[in-house]
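What follows is a pair of complexes built around chain A, which joins chain B in one and chain C in the other.
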Partner chain A sequence: MSGYQDKIKEAASRLLKEGSVDMVIGFRKGTLPMMNEPCFIRRSEDVHQLVWDSNCGINLANYLTDRKEKIAIVAKGCDSRNIVTHIIENKIKREKLHIIGVPCQGMVDKRKIISLFGEEILDVTENGDDLKIKFRGSEKSLKKNDVLQENCATCIHRNPVLFDELVGELVTEQTGVDRYADVNRVEALSPQEKWQYFEDLLSPCVRCYACRNACPLCYCPTCFVDESRPQWVGKSQDPVDIRTFHFLRAYHCAGRCTDCGACERACPVGIKVRQFTSKLNKDSFEMFGWEAGMTLDQRPPLDTYKPNDPNDFIK
Partner chain B sequence: MKVFTIDKKDWDAGIERTKLSYQVFGPVKEKEWHCFKALDKDEQPDMTYSNTRLSPKFLVQPQTEPMFTYTLDESQPDHHILKEVNKDTSPKAMVGIRPCDASAFLLVKRNFDAPQYQDPYWLKAYNAITFVGFACNDPCSTCFCTSAGCGPFHEAGLDVLLADDGDRFLAKSLTDKGDAFLAAAGWKVQADDAGKIEAMKQAAESKIGSHVSTGNLKAKETTQIYDAPFWEDTAFSCINCGTCTYSCPTCWCFDIQDENRGNSGVRLRNWDSCMFPLFTIHGTGHNPRGAKVQRVRQRFMHKLKYYVEKYDNGIQCVGCGRCIRLCPVNIDIRRVCNLMNDYDPAACVCPA
Partner chain C sequence: MNLMEHMGIEPGRLQFSWISSAESTKFVDVVKTVTASVKALGPNTNYKKQAVKVA
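Showing the complex of A and B:
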């Protein structure tokens, strides 16, 4: 993907030099293995900082919310779908954006890689599908496809859906993947088993709100859990309040979530936050044939009414 | 100061004996990561661990701590009167705590045990604990303890320092509490090569490859660092979650809440975070730290400048590296600390 990186730098430099954008939002190299940091570049002489590899899983659409500048943004498939959602929801104007589209080949799951080895990883380098993992005094190899983020492994929209230029040829989209295997598994549980499953799932939550804050959809000026007049949700570690937060947040994302995986990636205690949003994505797809962020020309199903909307749930 | 040698064959039995006198806490692997928990009978601390995912500060300052209960039922004679919640102040031992995390409690103590104010909840919990520290032979690449006033064999804040020496532990008793713990464990064999700890310490310190510069922080003009141009760049990627503050062993901020159910209520103290907008919002609706960049700046200014000035005793950080490893967007306190320490307004060429 280093070819992408050169193209990104070239595009950023060109756009800044010609003055068609005020800033470029992309990634710079992180200080840890398998981490890159979202950054902005304002001067063409700084574009050398920009990187692209399999550690760019953070959704950059999150950094566009309500910005007023003219911005060029590096966008993989899911980022571009969140940009579409942002435009539809009036969080950014299309004409303020220059989208540098990146046909994505999946992002690696840092946590999964770390859990495979008992010792500290000092460096990871990649060459196509081959990852080299460096430890103190030894080296191991992995195949990137074996350690993708779960949402990337089942992604069928790797190509950007909206862009002004592309940094590479469009990639072949995956077919035959089961996007909802996890949801089907949970749906098959008995109510008691489901209760236990969600209780275990949420037990490590410390309410840092990294899942919410990493999500481009969560841009409310004051989140319902932060309302104090009146206060809707308790602030303690009471499991009822923790569940309330996660369940309600997921419902607020219904028909909007692009399954970018930012929530799960951000969680410091490894909660599979997508278990909630995936169910709503599945419902949106099955009931409305809807996938969020695929087009600017159609209102999302949950903010429109159609006489033939499914209503079997009304008993 | 006595140094004992503990054959690893005698370790488990000794830990079991201490459970007769202490509630023993230790690092245990749960799901993917280690955390401190109360050890059941025959449950052993995992002395092969690196460090816990989150810091053990919750054992002294729980994320949610009930302080008082009350009733709003006016037919009760004691309605609307706060009644203190009884706390378990029985002796506890934290076995295997890393020196950085034990030292962090001393930094926090400056806040909770100040000459003017003593926080009874924090102090009672802290004083009940015997800290049986576990020196780091193999620090992580993100550890920068030696340049944060701490170190892999740092003794401050510990009652016992354990060092792993192959088939034995060396145990250095540092306080009377430490003597009592070792006696309760029944470990009595004094080491005839106590000096080995010093050699192990030097070996471990030499493995620390990560450093920060802090020497200039105190003398810098506060307003100049505050107004420095690097904050916009530093704060850009921040998503304002509470990961850094909640995983930090030296972040102590809290929020007090009353929660009622029917007529009965409880007054709770919960962790709070300077990353959250709600942390500073006023009753008027005005928020003096309404923007993300202000909150990010506050966190670093507090740890690396205000604290340094107020206590003249180093930075409010022990270099454990948790915030670096856990930050979802890779904001690195080492980078920020060096930026602050090296900042020279005269040399700054601001991107106009």
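Showing the complex of A and C:
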């Protein structure tokens, strides 16, 4: 992983020096442990800030929307799929981008780590699959694979799908993972139980819209929840309004979501926001054989018509 | 529709139909079956908002 970091710095410095890009989008250390933040490097003197470790879960494609300058962007598998989606949706031009591809080995879920220990974590360092957690006066170690983000644990597209250069060897993709275990579990419930499941799931929601802001798909200049003329959805804390926001936002991501987990990562109260989008991802895959952002050459199923599109729901 | 039923809307409450303006008999049939199936399910109290509590 640290090898990645040096390669990223080297690439960023080279691209900025030769002037082929105006800006590099990557990660730098945050002010809290396990909280790397996106950064925008415009001068080659600043590339030392760039880092890469298992806390780079934020989806950087989110920062490309409608950018006009030449940009180099650090992209893991899911980021690259969102970049493809951005290009397909005319939110950025391919020529404006230099993609520094990072074969990803999964990102850790800081909530899982924090919940394992009662004391304040001061620092987390990693060496391959081993994480060292530092507390005041003591130290513990963990295996990274035990604390991966849920979407990373079941990810089958860790390698970038679109890149101009790579910072390391492509990694072996996982096989035999059940990506839709959660969806299948909910599908087996009765309608009342399903309703209750999502009622409980959403009960802590404060409607801060962090999930929407972290999502690279949510780039509308005015989101439907912010619109007041007409007002599409109630703005209150009523469970019905909260639910309406979540399932409508999910619908807007249908056939576009790459399951990057940015929404879940951003949620301040730890709601499993992916429970909505996973169902749509499963449907897209089962009905159209579609996984978002895998290729520039194919239009998404929801903006094309095929005579054999499934339409059993129309009576 | 799949997501709606996935999060707990009963099957049969939400229905889609394609009816041409010339298909009056189909329209009548569809309205009859939809109303019958929704009546059988009863009122959808899940989607009823609670009255605002004022202290």
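FYI, the second predicted complex is superposed on the first by the 315 of 315 C-alpha atoms of A that agree within 3 Å, B and C clash if a C-alpha of one lies under 4 Å from a C-alpha of the other, contacts with A are read in each partner's own complex, and residues count from 1 in each chain.
In this section, a residue touches a chain if its C-beta (ideal position, glycine included) is under 8 Å from a C-beta of that chain, and two chains touch if they have at least 3 such contacts.
Remember, predicted model here, so these are calculated numbers, not experimental data.
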Touched partner set for A:G234, first chain B, second chain C, both or neither: both
Dominant contact partner of chain A by residue count, chain C or chain B: B
Which superposed partner A:F198 touches (first chain B, second chain C, both, neither): second
Overlapping contact positions on chain A, where the chain C interface meets the chain B interface: 234, 236, 238
Chain A contact footprint on chain B (complex, rising order): 31-33, 50, 53-54, 63-64, 140-142, 233, 236-237, 239-243, 246-247, 255, 257, 259, 268, 270-271, 273, 276-278, 281, 324-326, 328-332, 334-335, 351
Interface residues, chain A side, partner chain C - complex: 183, 186-187, 191-198, 234, 236, 238-241, 243, 247, 250-251, 254, 276, 279-280, 283, 313-315
For the chain A and chain B complex, residues of the former touching the latter: 30-32, 35-40, 42-43, 58, 62-63, 111, 115, 120, 122, 204, 206-210, 212-214, 222, 226, 228, 234-238, 265-266, 268-270
Touching residues on chain C, where the partner in the complex is chain A: 1-11, 15-18, 30, 33, 46-50, 52
